[in-house]
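A short write-up of the structure that comes next.
Read from first to last, the chains carry the letters A, B, C, D, E, F, G and H; within each, the first residue is number 1.
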């Protein structure tokens, strides 16, 4: 890697030696950054696929769909997140954060979405980080997802939850939709307190604006379903079909 | 000098591709104008004109569209492999064409116009000038929007024909009265089933965060609106007695 | 040398005004943090927690706010006549404070929090450190937005508190069940009347083409949305049977 | 020197056109202020005041407007052929004027205020200072928006007049009770028909991709909203029994 | 119906003004293309081609420009009094035209191209289709920028034309060697004087806070740069011995 | 009603502060216009007019400025304690005023115009309407920019007075010839020393990250430029022989 | 790849079948796009290295430096451009252009920079495209760089040439600097005529603005060297050192 | 609930890292203030104070810097592995520190301060809190800029010590007269060689399009400026006779 620029190579030149070292350092760093960016792109793409898989949920295929989603998510972890983890183990978590943060955020989005559909609860950061441990060489400090990336991923999650809510309302799962509504509002409420304390809050600030839009959309949808639904009650009498009111009817 | 020569050549090439683009654009404008006419014709359903008559009129433009697309294909034959270079110039027009064809197809058959069928209707030869799949899908999303409006307007609103005002509250679509085609009378249920199926089918796709995804998100709102109409009808027992016959009619036809 | 002397003085003055600003900003940050807590408490209404409980919690911050504003006033006493020099440093925080106080006041009384009342609640002495009128007005505009969201959310079912589930579809707002305060149940009408009055009052002002004007334009959209909600409820006759009792209740209370 | 001489001349010309513009702007401001008053008066319909009374009040400004436009025309006479140079300075005000006049005209006659009629109402002489067609069309688009709001508010919402609260759920427009003018009772149908016709007429125009086009796109939403209102009314059979009984029913009821 | 009739008329009028605009735009595009060629020809001065030759080439476009402007004038004759309606469609092209003509004029004469001269060069008849004063002034501002670049480039060695290499370092502008026109050799002083005069003249105008004002602010930077160049040359005594002859030459010429 | 009453009051207050602002702005415009005239007069130094004569002319505006500032003070007396509320409306004009006064003061005395001196020159009474320190400092920064340009132009460039062209390359400032004031001859050294001192003084201040800071950063470039000029002069020994002969040399030469 | 969503899988469902096909198409397309993006990033990174190598040029090491640069450039072609070519052969040149254009532009920038330093002339598009041919499978239509990417790369080239000119002036190679100046101006002049005719001229428009800045910087530098240089001529007398006037002297 | 619990934890964590950041920032501010003092001390060279004395004074701050960096290291020990999380908070201050240390090092030794040497001077332990290489490199770029200014000012400008004015034009640096240190007298040649070597060394790096690359591009301008000074000196034969001794002196010292 030594460079043959000018003059005789014989005389010792400390400046040149030092700069060779700096050059090697910068080259290595850039190469590593590049590998991380690529791994991150793969994580993003495949996490997006998991998210789409989750959106294929319906009243009747829930378990089946989520099972596949979880399998795919595990594959993302094994095949792609593992590359991120390998590159980073021991150090540089923060230095190269910008290279891998998009992928990690999308992974968080996918993992928490799956988990919410399955359990109705929020997948915690600790749980995700625990699943990263086996991927690391135990001799070095393991790469762990930081709070910031987790929160940024969570912010995006609310957009997907909004889409999910629309789908669920269409499918007649009003209860599910309202559960989503509460869940998203809870996240929003918590994040309003946390967002301004984040390291670089400008990203989060714009995500909060988008999130408020999502929350409002869900609220509007729930409101109009509710208002409309309430009208039918007197017609239908008792509470037999009160929650299958919407969604494809079982006539057929 | 070779530098000048090269740039001279470029200038000519770009000039050529510029004038090619001009020709494409002018065909595109004609396509747009044809779709406007088609749209106008189809709007007559909103005025309760019998569907077959309306379709007849709208179909009149299809031959013109075929011709225009064959013109486009001919132009593209001059620059093989550059379909996607000029794609942007007929993109949005083609999406509208797809949405209209698919709407008409639904009116006739109650089914979704498939990609290959759309190509066929437009006389496209996919090996040389095909219909981009994303354009097709976006067109289908647009159609879902038209469908909702159609449902709303046709079924319960008919402001221009005042003479029959009294019958209107019977909530039967205007044209049903004049001409009972099988499959026409329980329209909301049919539309709801169709859009639900379509929605399920779309969910099979892995989309990027792009225009198509946005339009697909919009389709969810259309679906919601149709459900509301369906339940408005259902809840008032209006569709009920229709349903019994409706289902029957459908069985006969299928 | 006189030049040096002058710059020496400047250094001191800039240092003084710099540290003054630092102190103001630190109080401002505390105000902001208190409003965040208040806001977060108030969001609990959306989770159907009883209003008095929610208000109780939110009010807990008011004493803190009073204290902070008295600190601000104290700081400003050091530099009389310079209120507007540092105004920008507490402006937007104060606007949020006003919007929250006004929202809470509306929840309690159904009336607009007046400017003088806001000053009183914050323990401000207008002769030395008052509440700027434009800040007050902007705060009121912000509140109108919260009101709309509140209206939407409050009005529909809340699946997390399952115990009352069955009664909920009777379309009474969540908290009505727990605590029937006169005047609470015909919320959309009340909100609509309130916002209409407010809108009319604002229209009397000759606003400059500035931030306040922009926020006021936003209030028009809020009003529009409330009109639509009211229409939705009314058209379904849902508010009707409530109205009879509603008016009665209101009369009693007034 | 000729350079200096030239710039001297320029200075005078720029000064002249500057002060001309000042004068135009000051008239424009007066026009804007007059339209504000008109708008305020018209909003009283939302408070169920009888239409003739409201129109009377609003018309009071028309004479002032006439005068102001004659002032504008007079100013423009000083610089023949430069109408479009200063056009931007009265454009948006004039569009508002058109929208208000057209709304008032619709309230009175149920018809569209034509371009020539608008010019006449404003005392404009098209050969010297006419009403630009695009301004007219944009004004009409604005009006469609007012119309929708009017429909929504007048028909079902009347929060300020509590005394009649109980009757409100009968879903008859407030003012119908006070004053039965032929053509008032089936307001949604009338508005729908009017806007549909207007929409069809606009569709005939080949609009460029500009402000007018954008406003026209907005009109489509207005139309859609009116369709929904009409649908809501129809599906509930609310309009039905009104239709049959017509004027008669109204009278009985009041 | 009168509504339909009116919109029919509108369609025709909008179609007419649309096609008029199309025609204007197509002429505008031709003007733009001509100015590009002119500009590209003028850039050859930077390659040390003799000025007369360069000017000759650039002037070749002037006849074309004349023709195009006469076309524009002819089109505008169809709609008298609407010059400023379509003004925006040839504005920026005309500003470029002015800047090029003024630059060429300066190269030839060392003087500012006056407004009337510009009109004359373009064959414009101010009574029917003149050159807007602001366009003229903006064009002049653009020119000042070209002038600075010209000054920098012209003044230094030009390695591509090697034959004269040795003489070049005497710091005479490239073309001086080929053709000694009186007044050419003390270029920086001339440019500085010219721009200073121009700047003083502009300062007399009371500019509004608009595009022209911004461009004029840009001219100040040009002036500053020229002052620096002049200073650089002067401080090295390079201009000195030229000056003695220079003044003589200038006197002869004047 | 108290709400209405409150908004009534607001309307009056906003109206009052609006018209106050109008009055302030109109005075501000007059101040701006006076500074333009002053600036024009001062630019005559660039044309080698004797300094005293130039200063005389510029000073003519100071009385007008005094009057205008006394008007401002009078207006502000109506709303005590709100100096900083309206500060933005005379800010930038006042900064320009300071820069011009300071430049004139430097030309006369070679010293910095102190803050108190500036207030005195403008007839300001700091206890009621003072000169904001930051405005003063920003004005001083602006002046440093003028100073550099003055140095560049005056010292070596004088394109308009051709009669003395030959002597110019002796690099003595133009006006020195006409009028030998002590301290004028080694202008670059004087300016350098002055700006260095000023720069050192500014460095003592702890500036926030704002407009003043930015302007001060600009001053660094001015200083750099002056250093370069000084270096240029020095390295060529041009200043040297001037230095030794000093005032005497000047006299002999003229 | 078939999806088991709902209902029985036995009945034929043309819509579902068709959408499976569409899904497969979109998946393939996205995967290919992703591979192209990665290849393009590699091309970019390594082309940038070549550009830095060229900037290592000095009066005395020209051949050596350029030789290495050309070798590296050839490696970029073989290792990375080849991947782009492989993905694209036969079709999709235009459909996926946005995925690979950054890399191709940077390659153009590097290749033309090398060539200019070596020959003083512009490397033509035809020559570059000829070098792509061997990388393609001869049975399918070869991927060729289009005019637009070439021109966009050329626009960036002028920025590098500006940096090169600054370095050359410092190194005393005034003649070289002035050659660069003429070259850049020539390119600028030609591009003013071509730029508005380009397919999407907005990118190019902003690049033209930057280019004009570069041209002005070179002109300013050449002017000041020239003005300063001319002063010294009388002192030094004849033309012996006229062009080694600047740059590190040969004293040592 | 675990959701609340988790967010509670997060809030605490973020609060902790926030207060950590506060502490870091306060140390950073102290670093900045120390560098200001160092910079002030170093500026005394511009006033021709003997280098050793100046260095002595500046070095006084190094111990303080060491202490501050050890404080930073200590803080970072609380959050191992998060160096780069807070990096932005001391980044630019550290770059300035490097530039100053490197400048001082050059004054003392004529050599480049290497990365490891910089760490040593600051008492940094690279295994726990090192000096980021990019910060180091950017600092070095800043230094090249200081070097140029130093060369310009020190060598030929000394406006404050007028008493020696006459000797200045002999073009020997001020302090040379007072105190001849080996290596001091042919400063321009030394600086030129140093910067050229540095430039060659930098060219070994492959940079991204980032801040460092931009600063490195700037270094080229510094190099150009130094060359100009070198040739100014050379051309006038001023350095010539110095050179002979200079080289000698350098040989002795090396």
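Quick notes on this one:
Throughout what follows, contacts are C-beta pairs under 8 Å (C-beta built on N, C-alpha and C of every residue); 3 or more make two chains touch, one makes a residue touch a chain.
All values reported here derive from a predicted model rather than from experimental measurement.
The minimal number of chain-to-chain contact steps leading from chain A to chain F is 2. Comparing contact pairs by residue number, the interface of E-G is reproduced by A-C among A-H, A-C or B-G, since over half of the pairs coincide. Annotation: B-G is the more contact-rich of the chain pairs B-G and A-G, by number of C-beta pairs in contact. Between chain C and chain H, the centres computed from C-alpha atoms are 53 Å apart. Between the CA-based centres of chain E and chain F the separation comes to 35 Å, rounded to the whole angstrom.
The set of chain A residues touching two or more other chains comprises 3, 5-6, 30, 56, 58, 186, 193, 224, 228, 231.
Contacting chain pairs in the structure are A-B, A-C, A-G, A-H, B-D, B-G, C-D, C-F, D-E, E-F, E-G, F-H, G-H.
Residues 189, 192-193, 196, 203, 224, 227-228, 230-231, 234-235, 237, 239-240, 243-244, 247 of chain C are the ones touching chain D in the complex. Only residues 192-193, 196, 199-200, 203-208, 217, 220-221, 223-224, 227-228, 231-232, 235-237, 243 of chain H touch chain G when the two sit together in their complex.
Considering their complex, residues 2-4, 6-8, 10-11, 13-15, 18, 80-85, 87, 111-112, 114-116, 133, 137, 197-198, 201-202, 204-208 of chain C touch chain F. On the side of chain H, the complex with chain F involves touching residues 40, 149, 152-153, 156-157, 159-160, 165-166, 168-169, 171, 232-233, 236. Residues 175, 178-179, 182, 185-186, 188-189, 192-193, 196, 216, 219-220, 222-231, 233, 239, 242 of chain G are the ones that touch chain E when the two sit in their complex.
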